[in-house]
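Note that chain A is present in both complexes that follow, paired respectively with chain B and with chain C.
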Partner chain A sequence: MDMKVSKKLGLKERYTMMTRDLAWDTTFQPMDKVFPQVGYEGIKIHDWDQWEDPFRLTMDAYWKYQAEKERKLYAILDAFNQNNGHLSVTDARYMNVLKLFLGSTPPLELMAARGFSMVARQMVGAGPRVACMMQSVDEYRHFQTQIHSISNYNRFYNGMDEFAHQQSRMWYLSDGKSFFDDAITAGPFEFMVAIGFAFEYVLTNILFVPFISGAAYNGDMAAMTVGFSAQSDEARHMTLGLECIKFMLEQDPDNLPIVQRWIDKWTWRGTRKLASVGMMMDYMLPKRIMSFKEAWEIYFEQNGSALFNDLARYGVKVPKCFAQTIEEKEHITHQSWIGFYMKPDACPFHTWIPAPDELDWLSEKYPNTFDKYYRPVLEHFDRQEKAGNRFNNKTQPMNCQVCVSTIKFNEPGDPMEMCFRETVYKGEKFHFCSDHCKEIFEDEPEKYVQTFISSHAALQGKCEPEGTDINAHDYRPGARMHAYWRMDKRATGDFNGSEDQKNFAEWRHQATKN
Partner chain B sequence: MTSNAFIAFQKNEETRCIVEAIVDDNPDAVVVDQPAMVKVDVPGRLVIKRATVEDKMGRDFDLQELQLHLITISGHLDESDDEFVLSWQS
Partner chain C sequence: MTLLKTLAPYDFPSSDAVENYKGRQLLYVNWERHRMFSRPFVLALPPETPFAEIIDKHMTDCFSYHPDWAQIDWSAVRWLNGSQPFSPDRDKSLADNGIGHKDLIRFITPGLDGIAGSGY
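And now, the complex of A and B:
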């Protein structure tokens, strides 16, 4: 047969044909009725075709490369599991990183998958619609692969099996849950700033880059391969978030104040969520690679400044919280770890006082704050623990109405004072961890009065295991939280003396002796 | 001060060639080795040229293959068949 061979299309042509050329304007119904949500937030768009995905990724190429990533990932996971890889991690304290990660991250990936498929439906332009669909599939992939990679550990270690139940109920998982609940109930453009910018650009750069690099050097090939495989998608996600911000700013000058408010709000919300990631780097990786402070400087201060300097041409200002986050980088991880240590009965992972050489590492990495404020506290707890007087706070924590972090961070400029704010709305008092969260509340009080805070709701008798009679004369609110959380008691309390510690030592011994 | 554009890859045989190509094409490149990964910083503008990567690898290379090894990027991206460019305007 006589066939005319035409030259292969270039990337730009192929992208245009596979996105814009496949899209059409509706005629049975007007476009603004088909895509109603893009107008709700006040963002003005004049020409959707101005939005292109700079990766120019088309669906055919997407499936090809994603399939290759999955093959690599599962080859490594299989090899790691076949080789009893869990026994090659630095020490058994490491497993607690995975427990915290499992409760806090995969459920958020699932929320991101839902959010991006909703936003993809709402975007009028074919470019962002295709990119949002790809991101939705990516997020679903992350949700699944993270759970797969940790499922092998679940066969051996305590405290992992109820993460899905606990995600909506545990006091310390509420900050991440509220981040996504807030984003997904906003309009499509705010969702893009919340997740595409704040979560991807600020947060995942810390979570999946220095933290996963650390997991690799703690011998956890499973977390390493899952983390890096996820992060290979995140470069695309950050680009989408950045494109969205640029697109809004270029389309109409009236968009600037709206975008600025979202940047201020979501940079702060992302920062609050990072306290526990930083704690994993500074306290929970037995072999430390980089301090949270160093990571923050590279990936937020320098990288964030590059972005904000660049966006200055549109009139964007550095987020209001920027200076406060720089002050807090020397404090938040210590305050978080001490906070978790003080509540040994209330989390499904173990805590411990760092060994003397680990305390020295922290002193070296945090010369301005650690010896002055935090080392004495940890050493005091250590002495008390050894004297049989282990600190145990059995009360419910108080959480911020906006970010739902426990209220535990310090007053700006005064590390010895706890920061606490309140406001009255319609006769009811609401509490906050910071000025920034208070301001976010006051912008949209009707939204945030609805925040579900389990540690507060428990005191109202709303968090009880099935069959509890809250009208019984001997009923005490919050007394059965363990049953409500479905907490495995073997997973709580001190690492020293735990079943995980004992089993790991015994299995490692068996693996190296005959 | 010019902001850095950067790119980070998982450390493997393919990215060794890609990083060599970046260093050849970007005289101000600074390579930062970290556990399991490698990051390259370039002030202002970072370019990856397909032809240089092909030369290092000794085979045809599609710039979209970068996605298999990517960890993170910084800068505005523009990708064509021949070049992958990250840049900041300030």
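And now, the complex of A and C:
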């Protein structure tokens, strides 16, 4: 009996058979009942088949590529760890970049994984469904590989062991948590604009440059390799986000104002989230790559302008916050560092005043603002520390109701004044860091009245470590925050005099001297 | 008008409604043009708290780290509640000074502009 051997399928045919051909319309229940979320945001989709798959990857090929990347990644991680790679980084201050990263980023990758798998469930078209499913798996992989790459440092340095506990409790991690809580409780299309477009496309380089180039510049081969391993995933994520925007805009002209509002909202929320990343570039990396201001100019102003020029044919305008971010790029990293420096007891990482040559670098990179507004106070702090009077602001912060940043940014046009905005909703006052956050609140107040603000929760007695007797005579709400946060005392305080500083110097000495 | 769209009724209480503070209310305090403190601080206090306690205890504890604190001319200080000028009476309570839940008190010290006049 002769068997007829058909020729191997081409890539395109194979992709079609493995994705779109496997999809079907439901008959026992109407489609809109099976996919209820794609309609309620007001986005009109007439023909899901018009979705252009931005990359044609089937699941079998996906596993193959990812497995190959994993093998390389873990081989390098092993080699780096076995060779005491942690002693080859530029300076022990670098470990604090990892600590801030560990608390702020992997938990958000996990939220992204959850978000994309929810969106994948809701997308009617097979093309976006498969792409979102793959992105969900990618995000999960990033969450795990980031933690793995840093876990070796946890054996040697303080403050990394409770990041998962701290993620939903610490004051400075609330901004990122709120960012993803907001996105994941939106509908599927808003989630795609929030994470797929505004974050992954418009702002992702600002995140990549400090962490990955920063790791490379500072001798951290582990974090650098995680970054490279994620890079081809990120390229897919960017094209997915952009395709989703184009798809919505091509489907119906009524979608434009909705999409524009989401672009405005999420570009701003992402910008606020990046203030602490910028601070890492300007203050925390011992060997700097470029200033945050320069990164903002290249990746946001120039690349972002090109992107929005491209989207202009759909009627999309540059995000409303564009001009304000350009003004703020000269300020926010300095304002953020001061905000962390003054809380030495309340962060599981160390802070410090930059060395004189580093202050000179900042003066050179920020000629319009650094000497005028920020250098004098940093030098004042330095003198106070040397005199045994290191700054330690023990008060609880005021936060923005929307972005949950502490309210620390300046009034546009006046760097000496703090920016405050407020509104009253159902008889209660709400405060914001900016016009943009105020507008986001006023568009959907029902959502943002629920914001978790750590200092407020503490004052309500909701942040108590186990075993606290709230009926005790001397009970004061929020008095035991350090225990509630599970703060390792060795991880707090100034870098100067820390155990990390001492150990690193000693171990490096052992590694290089007889 | 709200732009919120939902699939089901959506009605959740505010996280920071005054009832959640068991007889206290939130108060934010900022020293204008002294951004060394990064952001205002927040307190939860009974409305009967005398305003003097805000100055003598809470503001002094926090702000006296700044060299300008000792230079303040108390006869010249001005106050805002949000964006509204007001003149607090030290001996009256928060409530009697018209200070409600989640009010932001802004403390202005004319002539003092922070370290080297930088606003910090």
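The rule we apply is simple: the second predicted complex is superposed on the first by the 498 of 514 C-alpha atoms of A that agree within 3 Å, B and C clash if a C-alpha of one lies under 4 Å from a C-alpha of the other, contacts with A are read in each partner's own complex, and residues count from 1 in each chain.
Definition applied: a residue touches a chain if its C-beta (ideal position, glycine included) is under 8 Å from a C-beta of that chain, and two chains touch if they have at least 3 such contacts.
Since this is a predicted model, take the numbers as computed values, not measurements.
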* For A:T406, decide between first (touching chain B), second (touching chain C), both and neither. => second
* **Which partner, chain B or chain C, touches more chain A residues** => C
* To do: Classify the contacts of A:Q501 with the two partner chains as first (chain B alone), second (chain C alone), both, or neither.
  => neither
* Using the touch definition from the top, say if A:Q450 reaches chain B (first), chain C (second), both or neither. => second
* Structure fact -> In their shared complex, chain A is touched by residues of chain C numbered 2-7, 10-18, 20-22, 24, 26, 28, 30, 32-33, 35-44, 58, 61-62, 65, 82-83, 100-104, 106, 113-116, 118-120
* Asked: Which chain B residues qualify as touching chain A in the complex?
  -> 3-6, 8, 10, 34-37, 64-65, 67-81, 88-90
* Asked: Across the complex, what residues on chain A touch chain B?
  -> 10-12, 54-57, 61, 65, 68-69, 72, 205, 208-210, 212-214, 216-217, 224, 228, 231-232, 234-236, 238-239, 242, 246, 289-290, 302-303, 305-307, 309-310, 312-313
* To do: Give every residue of chain A touching chain C within the complex, in rising order.
  => 36-37, 40-42, 187, 261, 335, 338-339, 342, 372-374, 376-377, 380, 391, 393-398, 406-408, 410, 415-418, 420, 422, 426, 428-431, 443-447, 449-453, 455-457, 459-461, 477
